[in-house]
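Scrolling down, you'll hit the structures one after another.
One chain, chain A, appears in both complexes that follow, with chain B as partner in the first and chain C in the second.
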Partner chain A sequence: MTVEELRERVDGFPTRRIHGYRVRAGRPFPYGAHRVPGGITFSVYSDRATAMSLVLFERGAKEPTAELPFPPEFRVGSVYAMTVFGLDAENLEYGFRADGPFDPAAGDRFDASKVLSDPYARLVSGRDVWGAEPDWDDVYPYRARIPDDDFDWGDDTSPSIPTEDLVIYETHVRGFTRHPSSGVSAPGTYAGLREKIPYLRELGVNCVELLPVFEFDELDNPRTDPRTGERLHNYWGYNTVSFFAPKAGYAATGRFGMQADEFKSLVRELHRAGIEIVLDVVFNHTAEGNEQGPTISFRGLDNATYYMLTPRGEYYNFSGTGNTVNCNHPVVRDFVLSCLRYWVSEYHIDGFRFDLAAILDRAPDGTPLPNPPLLEQLAYDPVLRHTKLIAEAWDAAGLYQVGHFPNYGRWSEWNGQFRDTVRRFVKGDAGLVGELATRMAGSPDLYQGRTSSASVNFVTAHDGFTLNDLVSYNGKHNEANGENNNDGADDNHSWNCGEEGPSASAHVRELRTRQMKNMLTILLTSQGVPMLLAGDEAGRTQLGNNNTYCQDNELSWFDWGLVDGPTAERELLDFTRALIAFRHAHPVLRSADHPIGADRVGSGYPDISWHGVRAWSPDWSDHSRTLALMRCGRHAKDGTVRDDHVYIAVNAHWEGHDLELPHLPPGDAWHLFADTTMTAARPLGAETPLEHPGRYHLGPHSAVVLVGRAADPR
Partner chain B sequence: MTVKLTSRTEGAACVVALEGEINSTTSGGLQAQLLPFIGQEGKVLIDLSGVSYISSAGLRTLLIVHRRAQQVRARVTLVSLSEEVRFVMSATGFLDFFEVTDDLDDALERAGR
Partner chain C sequence: MSFDIRLRINERIAVIELTGELDAAAAGRFHDTVDEAATAGAIELVIHAAHLSYLSSAGLRSLVFARQKMGDEVRIAVVGAPEPVARTIRLAGFDHSISLVDA
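What follows is the complex of A and B.
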């Protein structure tokens, strides 16, 4: 034995037996179940319970093996903590039974007939294989387990990419590779996604944002597809069962309980490829729903702590899903903070996108707080200090905070106004040139005093039309969701280019492709952080369904035939890749500070300048549908690096326009990088000099990107 | 459930054949049995053809043996993984750490050189 080996601990011995199990009082922290020498310590909080017991199951057994009441001496404050010796963690499932008053008006909904899942469970069993029929009569459907948390990370560390340099790719673990065309060895899983990392590298994205991966129940949707009678799922997973546990059904090894290792391995390989990982997290509500919902954990442990309740003890429903997590209650703040710290430290997660984040700044009675303690705490937390924090800055009860979400200089926001402006402009709505200019400059109107990384720019996201559907459908087509097409958003700002749905017309198809390229061009040349929806780069369609939360089928899955099959959308894919590469190559598009329209470095050019058919004369009038802008390369990264000048012109008019180009510094000339009326963009560094150095014809419904750099020697 | 270990010397290599399931019940004892082979002269080949399942704890046991071997600059190769074991090790990323082969004879021949 060496000195490095730990000596035995004097508290490593039981003090008594309960039902034959050797136990002693445990330490209250950390919450949850943790291995200690010789045993496992279980710790759970409940303020209002009158009795608490630990319920032990052998893995998969219908009935518990034992139920150990916590003796009164094992309680510290309102925390019950007990060490049980001699357990085999790998074959153990555990839960709690809490007794206490059932008095909804007072906020209490204890139910001693239920075995409750540990809110801090780091591994949960019950939905181990996606979609597999469970035992619906199980006395304990979502079973807490204890993971092996040693993992060989090597020297893994976050790529630590500055937020303004990110190109985010939003995707769904299952949908990304579940389609038979994916060609991966474990379709629809973390391992499958890992196999596609080379594709992500080639595409050029440097951040993957995953739809929820905290354990949820894909079978909690009671609806069926009215046309086929098939079960509808909770495919997206915005209904968390367990916040510390990675979704087992997303792991090829979920049936062996190895989802933690499989997910960590994915993170490690993403980092190795220089790609960050952001998780979409849902702290606004839980899977317990309203009064009619199942009692899984929180409701039975301490309903009044975890949920926002009306004075009569009913659930507030700011989330639109039945309940609202009481985020600014001190105990719940601690829960959220612990959870995020856990994912950052244990899973090396680089950032979080908070679903319906406006709820996180509501007080326990629902009032929006000017200085919400939870958001402030997350912004300044030492472990989360370099973690990206992104808010979906609205909720389902009308609190809309885009531009004024409490941010502490740390929070970014999904910029819904960018989405709407770009969609409306590109489809041809009038009166938007001024607003488009503001959006392309990083929305300084919304984010005054913050850096441009406050704005996560997007045109499409999981919620809504795909890019292809945005140019193929005027209206949503959600019949398959079983709600008579009443679900999903109606304000899509989409235009089908002349025909609803798939079209055989070459003209319509060409226009659609061009419109998609126009939107991608605006997205990827705008200041702020661009986010792409997975599959949009290859023209993925959901056949007009703009709310596929329940569709676990080809409607949602990425068809890899679009990438390399006979139906491949190579033109769009190559164009997207080229645009992403262009963005990475041109720091002038990625400054942190907003441009001010003035020369800040003595280059003779303003950092950003606006143009129209005439150089330096933008047409801001209501009937205008054409805008051009120039970024001065000397201002790149706030003047710290040199770049080319970049000129971007967008035309939503059905007629073309001859543009007069602004003069460049002596020796420089305009070169064409991309014109959406042409099939392909030019390779980086091989942009072609213009035929007429000072003019360019901008086609109808098109966009063009020029670079101003040293003229080729002739 | 136990895991059975038999060993034999073949030329410059030591072949350790395992049989059964490597899980939390068996892995502790297995680790104690495997470690003495590490640091002996020559290469250690762990024949897994008789192993039907390796649990989370079992994977860790193998990785610890592998890391201990690296500390003393010894070489450990896993031989003849069942399809299921290989799948689990691949999906969890554990496979990346090991030298793996399907062909014992081939491994022996390479160890001999």
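What follows is the complex of A and C.
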């Protein structure tokens, strides 16, 4: 059927007028607002409303142009649907007004004085330019709009990288290029990030994970910096206003309502560069907060459906932010599923990281479910079938599920135990050699029966110290956050290497660089999926602030001077690049199955073997701070490809040790790839043969990576 | 200011001259003109934009429409777009679909 024929369909004609607008009953699905021939269909769900109307605004107008009540016959079940003809979609903003009981004890909080944002709005205006002062008296601050879905994707497809082959780079759209040193044409935007793709390629990461990009209000933070009086922001964005809408303030073209196009262009260009994109999504709570919070959308449409409520109708607060989304309610499950499907199909997103994901397995009364329907549904959904699903497997109310998050063979987890073990080991805590070995082998104790891609390994993330601060501060320094340094985590497992904060001592600075390289070495040679925090590769500092959620300034922004300015941390950057390249070049580090310490391919070597000062004799005792391991290359990718032997030794001891190296097959010899006491790693394929073929001196607080390959140069 | 559009086709090169405000209301005429050029079998589409005083997002989207209507093998060039318009085209990533050419 051609478009012309479609225009002639019977349902393309209005059946009546309401306030002069030509309308007819709409179709209940899909929810939200969608173009149909000649008009726009609006559909919204509310189980307990007694009346619903569609509120229409001209773009930016203070007062509505019209308010069209849904006639009773335009309601199917609890869904109100209406087609309105002759609207100019480009200049339209719309919302809903729901009337119904205000009876909190029964779960109802209807408020007919509010214009409510459409939960399914795919474009939202109101915060179009980051940080711009809005009209605080606006009767409708977050306005639903209707996008065009005509983006030119060309032949874009997902790079479809196996999860275990990913190197994830966690970053913030604004923070990545907002710093004046970034040199991009539109700093702090999707377009700015797009301009930095060559840097990401050169670094070698193949997956970018973005802090929340669903529309949020950066101005919803009431605090100020007590020292400067400046406004603090909601910089990270973990407070979603609208789940289907990309953040307009992250788009240079947001003022023209073109944020969807700009974001899609970013995705398309990342894919062209072979880089996947994962979104950090926050389904555990919304920006409506508790009883005192604003009524934006869900609360006014169907409070008891969307939120977990106590028997007295109060908000459960498993998220630590005031409310908890009722994720396993059938209607909300449908909402979450539709949302994720939309981002995968419309924006070509490759994966999601779920903030406080343990909440997603709680029942409406908060009880953890053994078989949570939402998680199961996401795991088996046809559209999401190849989408990466990553859980932050805990919540703010003590539900800690690292290692036992309901996974259906699909979910990966942020491995918080990897983070803590590596930090504690490298700073020199005793009694951790055994646990470090387990973490470097992909944490089979936590993920038995699952592949090693279940473990997303990281040492730092947006929440906490940067890598540089981890070796520069013993304690957090969050005074700028306006809470007397009471916010942020206290258990950082950090060590300042002798001085708190910036140091003029060459010794301290050299030790810090070495410690950073030690942690990067462990991270990038461990089995599992490594994740780097953006800027750590260049020694980015937040001056000891481990909770910069509110800091929209140089504390959070990536200073590109660290990459190519006079203060560049070239040594660390080059080392990180080399390690990432090494990981990509050595599939033996990226097998899907966990190693078992036995020879599975007849190579004469176990897939993984453990060593100490003496070969084959690891020291597991409590006072030991040295561990070495060897990966047998014949076991690479579970024996399907051939690789070199790789030997990794880490020493958290303040004294060096002479290591006896394990023998290699005849004809092979150990070659040095990297030693963190040296400035640079060797180029791939040009690793240098050892002076003594069977021994290596491992310096204090250092790590070494050797490659066992043919003795003759290849 | 009103909108004016003119099409001429020479040896399968279609040239569209735009004048005035290309907003949502005018986008329909632009689409019809692109249709006409496509039907005539143009292998190249040159859009002169130097005399555009305003280009709304619906107008910008018309460029995407042109790309999808003409097919990948047809080169589409926008000539002389005022700098704010050109910048918006670049930031939104539309320059992937069309070539921006200085006048």
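One rule holds for everything that comes next: the second predicted complex is superposed on the first by the 705 of 714 C-alpha atoms of A that agree within 3 Å, B and C clash if a C-alpha of one lies under 4 Å from a C-alpha of the other, contacts with A are read in each partner's own complex, and residues count from 1 in each chain.
Assume contacts are C-beta pairs under 8 Å (C-beta built on N, C-alpha and C of every residue); 3 or more make two chains touch, one makes a residue touch a chain.
Predicted, not measured: the structure shown is a model, and the values here were computed from it.
**Student:** Determine, for the superposed arrangement built on chain A, whether chain B and chain C clash or fit.
**Tutor:** In the superposition, chain B runs into chain C.
**Student:** Check whether A:67 is in contact with chain B, with chain C, with both or with neither, and answer first, second, both or neither.
**Tutor:** Neither chain B nor chain C is touched by A:67.
**Student:** Per the contact definition in the header, classify A:376: touching chain B only (first), chain C only (second), both, or neither.
**Tutor:** After superposition on chain A, A:376 lies in contact with neither partner.
**Student:** Just checking: does A:253 make contact with chain B only, chain C only, both, or neither of them? Give me first, second, both or neither.
**Tutor:** Both partners, chain B and chain C.
**Student:** Check the residue A:90 against both partner chains and state whether it touches chain B (first), chain C (second), both, or neither.
**Tutor:** Both partners.
**Student:** Quick one: classify A:599 as touching chain B (first), chain C (second), both or neither.
**Tutor:** A:599: touches no partner chain.
**Student:** Mind working out whether A:220 is in touch with chain B, chain C, both or neither, as first, second, both or neither?
**Tutor:** neither
**Student:** Which chain A residues lie in the overlap of the chain B contact set and the chain C contact set?
**Tutor:** Common interface on chain A, chain B vs chain C: 88-91, 148, 150, 152, 185-186, 189, 191, 194, 251-253, 256-258, 261-262, 264-266, 268-269.
**Student:** Spell out the part of chain C that touches chain A in their complex, as residue ranges.
**Tutor:** Listed in rising order, the residues are 23-25, 56-58, 60-61, 64-65, 67-68, 72, 87-88, 90-94, 96-97.
**Student:** Mind listing the chain B positions that touch chain A in their complex?
**Tutor:** Where chain B meets chain A, its residues are 23-25, 55-57, 59-60, 63, 87-88, 90-94, 96-97.
**Student:** Please name which positions on chain A make contact with chain C in the complex.
**Tutor:** Against chain C, the touching part of chain A is residues 88-91, 148, 150-152, 154, 185-186, 189, 191, 194, 251-253, 256-258, 261-262, 264-266, 268-269.
**Student:** Provide the residue numbers of chain A that touch chain B in the complex, in ascending order.
**Tutor:** The contact residues of chain A facing chain B are 88-91, 147-148, 150, 152, 185-186, 189-191, 194, 251-253, 256-258, 261-262, 264-266, 268-269.
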